[in-house]
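Below, each structure is written out as C-alpha cells.
One chain, chain A, appears in both complexes that follow, with chain B as partner in the first and chain C in the second.
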Partner chain A sequence: MKLALKVTEVEQLSPLVKRFRFEDPKGASLPVFSGGAHITVDMPEEDAIRRNSYSLISDPYDGTGYEIAVRREDRGRGGSLYMHTKVAEGDDITVSLPSNLFQLDLRAKKHVLIGGGIGITPFLSQLKQLEMEQKPFELHYAARSREEAAGLKLLQEAAHIHVHISEEGARMDLGAILDGQPMGTHVYTCGPDGLITAVADQTARLGWPKTAVHSEAFTAPPPGEPFEVVIASTGQTVTVKADQSLLEALEAAKVEIDSSCRGGACGRCHTKVTACDGRILHNDHWLSEGERAAQQDIMPCMSRFKGTRLELDL
Partner chain B sequence: MTMQFNDETFRGDYSYFNSPAAVKRFPFPFDQDSYMYSVNIEQHPGGPKGSPFEFAFDVDEHYVAEMKDREITLAGDPMRCQSLPHMELAGWDLLELIMVSKARDYPELFKLTRDGNDWHWVNKPLGIEKRFTFLDPTTLPCGPMEYITRQAQGDFALLHEREGNLWLDAGMITSQADWSLDFDVGMNFFEWHAPVPKARKMGVFDKALKFLLAVGQDQSYRRLNWTMTVNPRLDTSPENYHKWGPEKRTVTPENVGKKQFLRVELQTFWRLPRSNALAFPIRCYLANLEDIASQPKWGRRLHRVLRDIDPDLAEYKGFAVNQKYIVDYLSQFDDGAETSPGIFPD
Partner chain C sequence: MPNTEFSPSIDSRPTYAGLSSQGAAPAIMVADAAGAAALIDLATADASVMDHAHVILVAKAPDMAARLTDLGPKALHEAPDFEAATPLVSQLLDSAKMGTQLYLAGSEGLMGHVSALATTAGMPLEAIQMEHRGSIARRMQCVHCKGITEDVTTDPFTCSHCGLTLFVRDHFSRRLGVFQGVCVDAETPGVVPETVEIRA
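Take a look at the complex of A and B:
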C-alpha cells in the first residue's frame, strides 16, 4: 500500500540538509509508527521511478504528518538531488507506509543513542518515543561543525542531550560515554561505518553483550557503471543505468521482485544468482562474508556488477 | 441482523453446539483430498460475505460462551495470561486494533468513541461500558492486552522482534491445542515450534520466520491449522491433560460422530504500529464429525484425508488412538465421487 500525500513544508536546516513535511491532502490521520521507522519516497523521473528510504524524524504517535530530513549527496544517484531541487511545498508525493528495521529494545534499563552527522535522523523519532514511555536515555550527536549540524535545529536543549562538535575541539569520546553505564543499557548507533565499528569495538572491550549493541547503516544505493543482467526464467536482458540501482531497473522492466528498505538492511530483495561471469560489487549489510565471496547471492537494492554475464534466479 | 449467542458450555456437560448456519460457515481447512504440512498463507481479512474470513476479528454465535469459558480458566490459572513488562505498548496496540476493527465491522454490537486519548468503549454482548485513557494503564482494571482479550475470541500471542528472531513475550492462552504459555513464554520462534514433526527438516520454519519478519504495517495475513479433539473442549492445555486426556478413551463407534471434533485454528498475523511487535491471534473453531458430514463434500474429503494421513502426523495431532473409529465412521459418507477444489461447501 502507498500513501498519496502533499508536501506541506520544506525547510533548509543546514547548507546540505533539508527537512520535508508530508500530510494527507484531506487532512486524514496517517498511521502512527515506532521510533526508528523509515518510509520510502517515490521519485518519478521521465522513464522510471527512483525510490529512496528515509528515517522518519517526526513524533511517532502524531498522525497529522510525516517528516524526513534529506542530506544532499552530489555524487549520489540523484535521489537526494531530486528531493533538494525538484520537491517544493504544495507538490504531490507518494510514500510507503512506515516500516522499522531499527527499533528500540524496550527491555533495556537505559538507552544510549549515538548519531553521527545525518545519522541523527532515526533518533529524532526514537527520543520522542522514549520521552513518552518515560524511559531513561541519553543522546550523543556528533558533527564536524555547528554550521553542518542540521540536527541542532531539531533537538531541544536538555541535560541528557549531548552535542559534540569536533571543529570546536569537542570530539566525541566513546570510552567516556560507554564506560560506567548501568547493567542492562542498550546502545544504538547510526552514522558512518567508522562510527559503528568504533562503538562495536568499544562495547566489546567493555564486555557488553552483543545483543545490547544495535546499529543502522543503511544508505542510499551508490551509482556506478552501467551493466546488464539476464532474467533466468524469461531470458530477458535488463540494462541498469549508471544512476539506477539494479532493483529500480528490475522494477522498471516489470520483473517481479520484493523489497522494503532499499538500503541493503532488511533482506527482502535477496536474490539467487544462477550464473556469474565477473564480479558482484556487494554494497549491502545483509549477506555474510562467505556469501559475498561465493557470488551466488545478490541484494539488488544496493549491489552492482562488473563483468560479462550475470543471470538472476527471477 | 442481530446475532443470537448460544447458551452452551465447553466443559462439564459439553453443551456446545453449532447452528446449521454456523456449520455452513465453518472454516474447513482442507482444500484437497490429502494433507501435508505447509505454510499456506493468504491475505487477511478478505473472503466471502458471512465467512469467518470476511472481517479482521470474527465474532460468531459462540462469543459470549467462549468469554465465559475463558473467565473460568483464568480464575483457576491466572498464568494463562502473561505479559513481560516491555510488551505493554504492544498490548495497547492490540487493544486499539481489536476495538477499532470490531466497532467498524459489527456496529450493532460494539461502539468506540475517541476524543484524543479519551476513549469510550461499549461492548453490548458482554454488557461492558468503559471510559478510559488510551496508553494510561491506571485507567483499566488490568493490563491492556488482558483487558481486550477477555473480550475477544481466540488465543493471542504477542511476539517481540529482536536479533533476527521473534520472541513469545506476551499472550492470553486459554484454548491452546496442547501447548503451554507458562512453558513457552520468552521462547523464540524455533523453540516453541520444535515439537512439530518433519516441518523443521523441511525448512518450513526458516521460511515462515523470514516471512513473518517481513510483515509490514499495512499487510496482515492468515493461515489455517487443524487438529482433532474429543469433546468440544477449549482448554486442552498440557497442565490440564489429566482432565481431558482420558476422555480420548471414551470414544466408541457409536458416539464418534458426536464426540470427535475437528478443531480448526484461524491464525492471523499483524504488525503493530507503535511497538513494532507482531500480534498472532489464534482463533479456534470446533465442529464434530456429524456437523462436518452434513456437507457432502466435506464428509468425503475428511474421510480421505484422515484415512491416508502420515502416521506421525496422526500421532502429533492426537487422534491416532481413535483413527480407526473415525475413518470407519466417515467412510459411510464417501461414495468415491470427485470433490470440487477449494475449502467451501458445494
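Take a look at the complex of A and C:
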C-alpha cells in the first residue's frame, strides 16, 4: 500500500543534508510507527521509478506527518540527488507505509545508541520512543565536523546525548562507552561499515552476547555498469541501466517480485539464480559468505552482475 | 556423573549443553549439592574461570563448600535453599555488568528459577550456561491455580495448592522457570491414569 502525500517542509540541515516533511494533503492522520522504522520514497523520472528507503526521524507517535533526512550522494545512483534538486515544498510525493528492520529490543534494561554521520537518522525516532517510554538510554553521535553534523539541529542538549566531533579532537572511544555497561544493556549502531565492525569487535572482546548487539547498515543501491538478466520462466531479457537497480529494472519490466526495504537488509527480494556465467556483485547485508561465493542467490534490490549471462528463477 | 541427557521432546523443553569455560570473565555460578561437582569439573578444565566468579552453593553441604573454596573463587556464598539464595542472586545480577557469564548446575528447578531471575535482570540467554546434575525432579506450576509444587517426581501428581490431579507437561515457562501442570481428569472427573515415575 502506498501513501500519496504532500511535501510540506524542506530544510537544509547541513551543506549535504536536507530534512523533508510529508503530510496528508487533507490533513488526515498517518499510521504511527516504531522507532527505527523507514519509508520508501518513489522518485519518478521520465522512463522509470527509482525508489530509496529512508529512516523516519520524526516522533513515532505523531501521525501529523513523516520526516526524513537525506544526505546528497553525488556519486550515487541519483536518488538522493533527485530528493535534493527536484523535490520542493508543495510537491506531491508517494511513499510506502513505514516498516521497521531496526526496532529496539524492548527486553533491554538500557539502550546505547551509536550513530556515525548520517547514520544518526534511525536514532532520532528511537530516542523519542525511549523518552516517551521513559527507558534508560544514552546516545552517541560521531561526526567529522560540526558543520557536517546535520543531526545537531535535531538533537536536544541533554546529559545522556553525547556528541563526538573528530575534528575537535573528541573522537568516539568505544571502549570507554561500552565497558562497564549494566547487565541488560543493548547496543545499536548505524553508520559506516567500519563503525559497525568496531562496535561488534569491542562488544565481543567484552563478552557481550551477540543478541545484545544490533546494527543497521542499509544504504541506497549503488550505480554500476549496465547489465542484462534473463527471466527463467519466460525467457524475457531485462536490461539494467547504470543508474538503476536490478529490482527497479524488474519492476519496470513488470516482472513479479516481492520486496520491502530496498537496502539489502530485509531479505524479501531474495531470488534464486538458475544460471550464472560471470560474477554477481553482492552489495547486500542478507546473504551469508557461503551463499555469496556459491553465486546461486542474489538480492536484486542492491546487487549487480558482471559477465555474459545471469538467469533468475522468476 | 556427567550432564544428564534428556529424551528429545517439544521445543519448549529446556536442554542443557553442559558448562564450558568462558575464561577469566566476571561470572556468577549457582549450584546445588549435585551441581557443585559440575563446577569442580569446570574449574579443573580451566582454573582461571574462578578468578572473577561469585559462587553460590544452594545446599547445606559444608564438605562441598570446602571443596568449592579450594578452587579459589572471588567469593563463595552459601544458602540453605532457593528462598534464601534468591535475594543474593538477584543482587549479584542487578549489580553485574555486560559480559558477566552465568553458570548454573544442578536440578532443573534450580536452573529454571535462577535463569528466570537472570532474564528478568536483562541477561541474554546466550550468557547463561547450564548443566543438569542429580535429581530429575521438576518444579511444576499448576496452570489452574498458578501455585508451584516443588520436587515433583511422578506423573500425574497432586497440586500442593489446589489439590487437582495434574499431568506433567514438557511445556516450560522461561519467564517463571517452571514446567506446566494441567488437570488430567478435567473431561472425565475421577478417571486418572496410573501414576508413573518421571523419566529423563
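In the analysis below, the second predicted complex is superposed on the first by the 314 of 314 C-alpha atoms of A that agree within 3 Å, B and C clash if a C-alpha of one lies under 4 Å from a C-alpha of the other, contacts with A are read in each partner's own complex, and residues count from 1 in each chain.
Everything below uses one rule, namely that a contact is a pair of C-beta atoms (placed from the backbone, for glycine too) under 8 Å apart; a residue touches a chain by one contact, two chains touch by 3 or more.
All of these numbers come straight from a predicted model, not from anything done at the bench.
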Winner by number of chain A residues touched, once chain B and chain C are compared: B
If you stack the two complexes on chain A, which partner ends up touching A:Trp208: first (chain B), second (chain C), both, or neither? second
On the A-aligned overlay, A:Pro60 touches which partner chain: chain B = first, chain C = second, or both, or neither? first
So, A:Gln181: does it touch chain B (first), chain C (second), both, or neither? second
Quick one: classify A:Arg107 as touching chain B (first), chain C (second), both or neither. both
Is A:Thr274 touching anything from chain B or chain C once the two structures are fitted on A? First, second, both or neither. neither
Pick one for A:Thr94: touches chain B only (first), chain C only (second), both, or neither. neither
With both complexes superposed on chain A, which partner does A:Met1 reach: first (chain B), second (chain C), both or neither? first
Using the superposition on chain A as set up above, list the residues of chain A that contact both chain B and chain C. 107, 211
Residues of chain A touching chain C in their complex? 107-110, 178, 180-185, 203, 206-212
Applying the document's contact rule, which stretches of chain B touch chain A when the two form their complex? 84-86, 89, 161-163, 210, 214, 216-219, 273-276
Given the complex, residues on chain C that touch chain A span 22, 25, 93-94, 96-101, 119, 121-127
The answer for chain A against chain B in the complex is residues 1, 31-34, 37, 60-61, 97-100, 103, 105-107, 129, 133, 211, 258, 260, 266-268
